[in-house]
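Just below sit the structures, each encoded as structure tokens.
There are two complexes below, and they share subunit A, which is joined by subunit B in the first and by subunit C in the second.
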Partner chain A sequence: MEKLGPFVRAAAPACAVLLIFVACLATLAGYSFRPRLGMAQMGSGFTLESYAAFFRDPFNLAYLWRSLWIATYTTAVVLVLGYVVAYHMTVCGPRMRLIITIILLVQFFTSYVIRTYAIVLALGRYGIVNNGLIALGVISVPAKLLFTEFAVAAGLVLVAVPFMVFPVYGSIAGISPNLRAAAGSLGATPAAVFREIVLPLSLPGVAAGVVIVYLFNLTAFITPSLLGGGHVDMIANLIFDRAMNTQDYPFASAAAMVSLLLTLIIVYLLQSGFRRTIRGAER
Partner chain B sequence: MRRRDRHVAVSAASILIVALLCAPLIILFGVALNAGAQQVFPPRGISLRWFANVFSRSGFLDAIPFSLELAVLTTVVSLTIGTLAAIGIVRFRVPGRDLLLTALMSPLIVPQVVIGLSFLVTFTALGVHSSFAVILILHVTLALPFTVRVIVSSLARFNISIEEAARSLGAYPVKAFVTITLPAIRSGMLAASIFAFVASFENFTATAFLVWNRSTLPVEIFNYIQTENDPTGAAISALVVLTVAFAITISNRVIGLDALSHR
Partner chain C sequence: MRIVAAIGAAILGICFWAGQAAATEINFMTWGGHYLDTYNPLVEKFAKQTGNKVNIVVMSGAKDGLTKIMAQKDDPQVDVWLSIESTAAEAEQAGLLSDLRPDLMPNLAALPKGYIGKQTVVMTLSPRGIAYRTDLVPFEIKDWTDLWDPRLKGKIGMSFVIDTGTPVIMAALLAGGSEKNIDPGFEKMKALKPNLAGFFKTDQESVKFLESGDFAVIGYAILANFYLKMQGESSDVKFVMPPKPKFLASIPGAVVKGRGAEREKVAFQFLDFLLSPESQEWVTSRFGQVPANPKAKLPETLAKVIPPLPLTDVYHVDWNVVNANYPAWNDRWNKEIQTQ
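For the complex of A and B:
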């Protein structure tokens, strides 16, 4: 193994960064088993009291269920919207494609705080949505849109669409045009071409997009904070509040460990589910 | 529906969705331009006073250079470390290189709150309360998956025999790499730099746990809009969006947008 030396030297700095990351996660895991004393203080020894406190209180479990439920349906909506845009990008002209790409990249590279705040401004009591609905005669007094689950869901959907469009567009654009043309010339209707060729071959992009968006929305923090205003708190809000306000590190660590495990299980289930579907589609 | 009609329907739906994505940002600019202190759209009277007000707030005046310093340093450090790791992964066929690549991607699947809290408890236990040092380590950790992934795919496409030819003609390995390979993968390097810069500059959730003595721009904007009720938050946000749009237009000219959107 003469190449092992140079490989180790090249990879060493990156491994050092990785080691810090793993050490931090290990510390977090350790803290979740320490006795709770409050105010950033902890006892020594091993206890499961933080986990027991987390799972015994129905309020804590409600954060978890709400996060799972909201993440599930927003991901489904993002998939539909993102797929439509991605498909359009593969059939429209180059000029339109450039415009859509620039708009999506601006969204992609702008902080979530800013994009979510922009949605807050649109949904406010005297925001453009309320004013528009009043002008159209749909409602007569401003509706309460902000600080509702609708606002949080709308924010999660709008913020996540670019994450879906890029991988799906990549996989549809990668399909050979000859394949689609050949199917068409053999008599397949456009709907059949889409169902039999485009949809199955775009599944790897869909899989990538769904995993990214689900993970992102499950542990969203900014969106429920700004658009939910404390009324639609999700699991990340609970963790942040217990860490920064009550400084109950063992409890926050236990809640974080539960979220981490849940995330890893969901990634595994989604990836193995998609892998099976993709293999089935290839047959 | 006939085929043409179906295409029209998809295009119309897609344009509507993209317009829906744009609308909040347009409202943001409108609100920032208000003459009065109300955050209304369309603006009542046009002025730039809220843009000027951004630069009279000490919170923003401290956070802007702090975020820029962090983003530049994160880019330099993660690009250097990431390029070295990518060379190791692409060039040396040793066992464990796939495992290393997977491990280096792992910060992407760990939730931001979990990463932020883990850094908070660890560095608190070590007695380190320097926002600069800890956030820099955090941002390098978060940027590394992007730089490694982009540079690995650039290096894998590069034909190594050109570099070997330079070496066989007497160039030292480092010189051959710097003068032959680096220029050939420059669009990948530039894309990696942009990803690293943005990963640092826009990060909020993990960073928000670590603002002991200084806070970054996204955290400062978040705190401002939670406590204040005038268009200053919209003004600083609009400035960031303008900068991003400008940077993307430049990137389109220099490397093409495919390098950024095809990952």
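For the complex of A and C:
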């Protein structure tokens, strides 16, 4: 009975959150099947017209493919950067670890919009990057860095790094130092220790980080909106545009449902893939 | 002694609560940023004069405000709403607004008849034109057609959502079309693409990107966003209101239906307060707008920015046509103009 205590205490708020989430999702799903009658007007029947309209137009699908593509390669970049930082945090001294942790936490808790605006300042025509490149003589006129896919990708990577570092660090820090010492004493090189021990045992953290970062980047809104200049809009921007600018709620809801289903499929595939890899590594 | 003090405190508490309970609280929805700085003192003044509290609710744009009001249709959370003509027209059509109450709005009598609708009243008139950085543009911009000058290659920021597609209407008018024949507008906009650096979706973005120099020109700009920045002697931001077509947007105010008689009464009183000459002079001096109340003095510096009043050749957009076609135009804009 006592063991149930924490569970019972967590159950009430968890149920409240779940209820609100399910209610919102049900409303969204309901809207997606209603007939479109014009701006801010929905009929009361059932129709698949909004889904058909979404899939019929290759322009709408282009938002999806662009989002998938950008999310995939930015997650790969975040994985490499995040893993390097996380690994370094496990081997460096406590002072350096604290400094890195503080930097990541400050970044993590800084408003997403403020961080994105900082990137606007950095990548703008007269921003730090262009001024630096001109000062070094690499370029003579400001390069177009902002309002490009590069700017959106850079923004997504910079904002997502803490989401990769923390779970990966947790995994690597959890590996017993005796394992590495034992391997070393048996003649394994540092590279072999990393390849045979550290990397496989860090996979649970990597899996968690990859899923979080991929979903975060796939559904990005503010970053493509501010840094893309309208040229690199992703699926969330399409949904916002249809909902807020043309008040086409059934279409926007259908696009959101398609995006949600795709997200669920991707999460399932990623988790299955990682589960198999982790099991193989453990053998 | 302790009992006496407790009873005294209780009586004071009851009096305070009764005083608070008598005050009505209303919600006033308007744009954020600079608008908050402008309307906060007015809200405080109204509260001092009437004892009623006004909370400012921010909308990122007129469409955002309309979306909120429509979503809250069954349980409205806004009492007074400032908007633009197209969204106010939509809200009126959807039956979301209350009929004006001239008995509660004595300042209406001073306004030109054309400013007073059934449910909306023009609060101010906001010049539209081109804003640009004089240090980043190699010539003086005077006309809409200057936007197509090759010397502005990659320098212009443009938007479609500002004023519900009016930038395309502007292009259509230049090409012999109008909102009733929009195709020439889209063709003209396609010809502008080499000069476009990017697109913005909110007023704040237009200000930010002009400030940073990422846009040297805001191709369709709202004077209110840049007016204060232009006041300084060393300012390198200039605004021009091209001669033809001229766009002078009405900023209508309205009371949202369904918040109860008491709130509605205070809402109309607040709207009337905003129409008083003193309030009008305060708002228009900060936004570079033309007051709707003729008794209010025109801001002196506004005369240096826009042509002398009364303005001629002001184009009046048919918002019913725009609202009927907006979703299709939005789609075309995304596919034909915004895509690289």
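The rule is short, and it goes like this: the second predicted complex is superposed on the first by the 267 of 283 C-alpha atoms of A that agree within 3 Å, B and C clash if a C-alpha of one lies under 4 Å from a C-alpha of the other, contacts with A are read in each partner's own complex, and residues count from 1 in each chain.
Note that contacts are C-beta pairs under 8 Å (C-beta built on N, C-alpha and C of every residue); 3 or more make two chains touch, one makes a residue touch a chain.
Note that the structure is a prediction, hence the values are computed from the model and not measured.
Asks: Overlaying the two complexes on subunit A, which is it for subunit B and subunit C: clash or fit?
Replies: clash
Asks: Give one of first, second, both or neither to describe whether A:248 is in contact with subunit B, with subunit C, with both, or with none.
Replies: Touch status of A:248: second partner only.
Asks: Which partner does A:39 reach: the first (subunit B), the second (subunit C), both, or neither?
Replies: Touch partner of A:39: subunit C, not subunit B.
Asks: Check the residue A:226 against both partner chains and state whether it touches subunit B (first), subunit C (second), both, or neither.
Replies: both
Asks: For A:124, is the partner it touches subunit B (first), subunit C (second), both, or none of the two (neither)?
Replies: Touch partners of A:124: subunit B and subunit C.
Asks: Does subunit B (first) or subunit C (second) touch A:17, or do both, or does neither?
Replies: After superposition on chain A, A:17 lies in contact with subunit B alone.
Asks: Using the touch definition from the top, say if A:146 reaches subunit B (first), subunit C (second), both or neither.
Replies: A:146: touches subunit C, not subunit B.
Asks: Does subunit B (first) or subunit C (second) touch A:163, or do both, or does neither?
Replies: neither
Asks: Examine A:214 and indicate which partner it touches, taking first as subunit B and second as subunit C; both and neither are also allowed.
Replies: A:214 contacts neither subunit B nor subunit C.
Asks: After superposing on the shared chain, does subunit C or subunit B touch more subunit A residues?
Replies: B
Asks: Answer with first, second, both or neither: which of subunit B and subunit C does A:54 touch in the superposed model?
Replies: After superposition on chain A, A:54 lies in contact with neither partner.
Asks: Looking at the overlay, which bit of subunit C runs into subunit B, 5-13, 41-49, 95-103 or 203-211?
Replies: Stretch 203-211 of subunit C has C-alpha atoms clashing with subunit B.
Asks: Just which bits of subunit A does subunit B share with subunit C as contact spots?
Replies: Residues 40, 117, 120-121, 124, 126-127, 225-226, 243-244 of subunit A touch both subunit B and subunit C.
Asks: Would you tell me which residues of subunit C are touching subunit A in their complex?
Replies: Residues in contact with subunit A: 63-64, 66-67, 70, 90, 94, 154, 161, 197-201, 205, 208, 212-214, 323, 326-327, 330, 334-335, 338-340.
Asks: Looking at the complex, which residues from subunit A come into contact with subunit C?
Replies: Residues in contact with subunit C: 38-40, 59, 117, 120-121, 124-127, 144, 146-147, 225-226, 229-231, 233, 241, 243-248.
Asks: Over in the complex, which subunit B residues touch subunit A? Could you list them?
Replies: 3, 6-7, 10-11, 13-15, 17-18, 20-25, 27-28, 31, 38-41, 80-82, 84-85, 87-89, 92-94, 97, 100, 103-104, 106-107, 109-115, 117-122, 124-125, 137, 140-141, 144, 148, 194, 198, 201-205, 208-209, 217-218, 221-222, 225, 233-234, 237, 240-241, 244-245, 247-249, 252, 257, 260-263
Asks: Mind listing the subunit A positions that touch subunit B in their complex?
Replies: 1, 3-4, 6-11, 13-15, 17-18, 20-21, 23-25, 27-28, 31, 40, 81, 84-85, 87-89, 91-92, 98, 100-107, 109-115, 117-122, 124, 126-128, 158, 161-162, 166-167, 169-170, 190, 215, 218-219, 221-222, 225-226, 236, 239-240, 243-244, 249, 252-253, 256-257, 259-260, 263-264, 267
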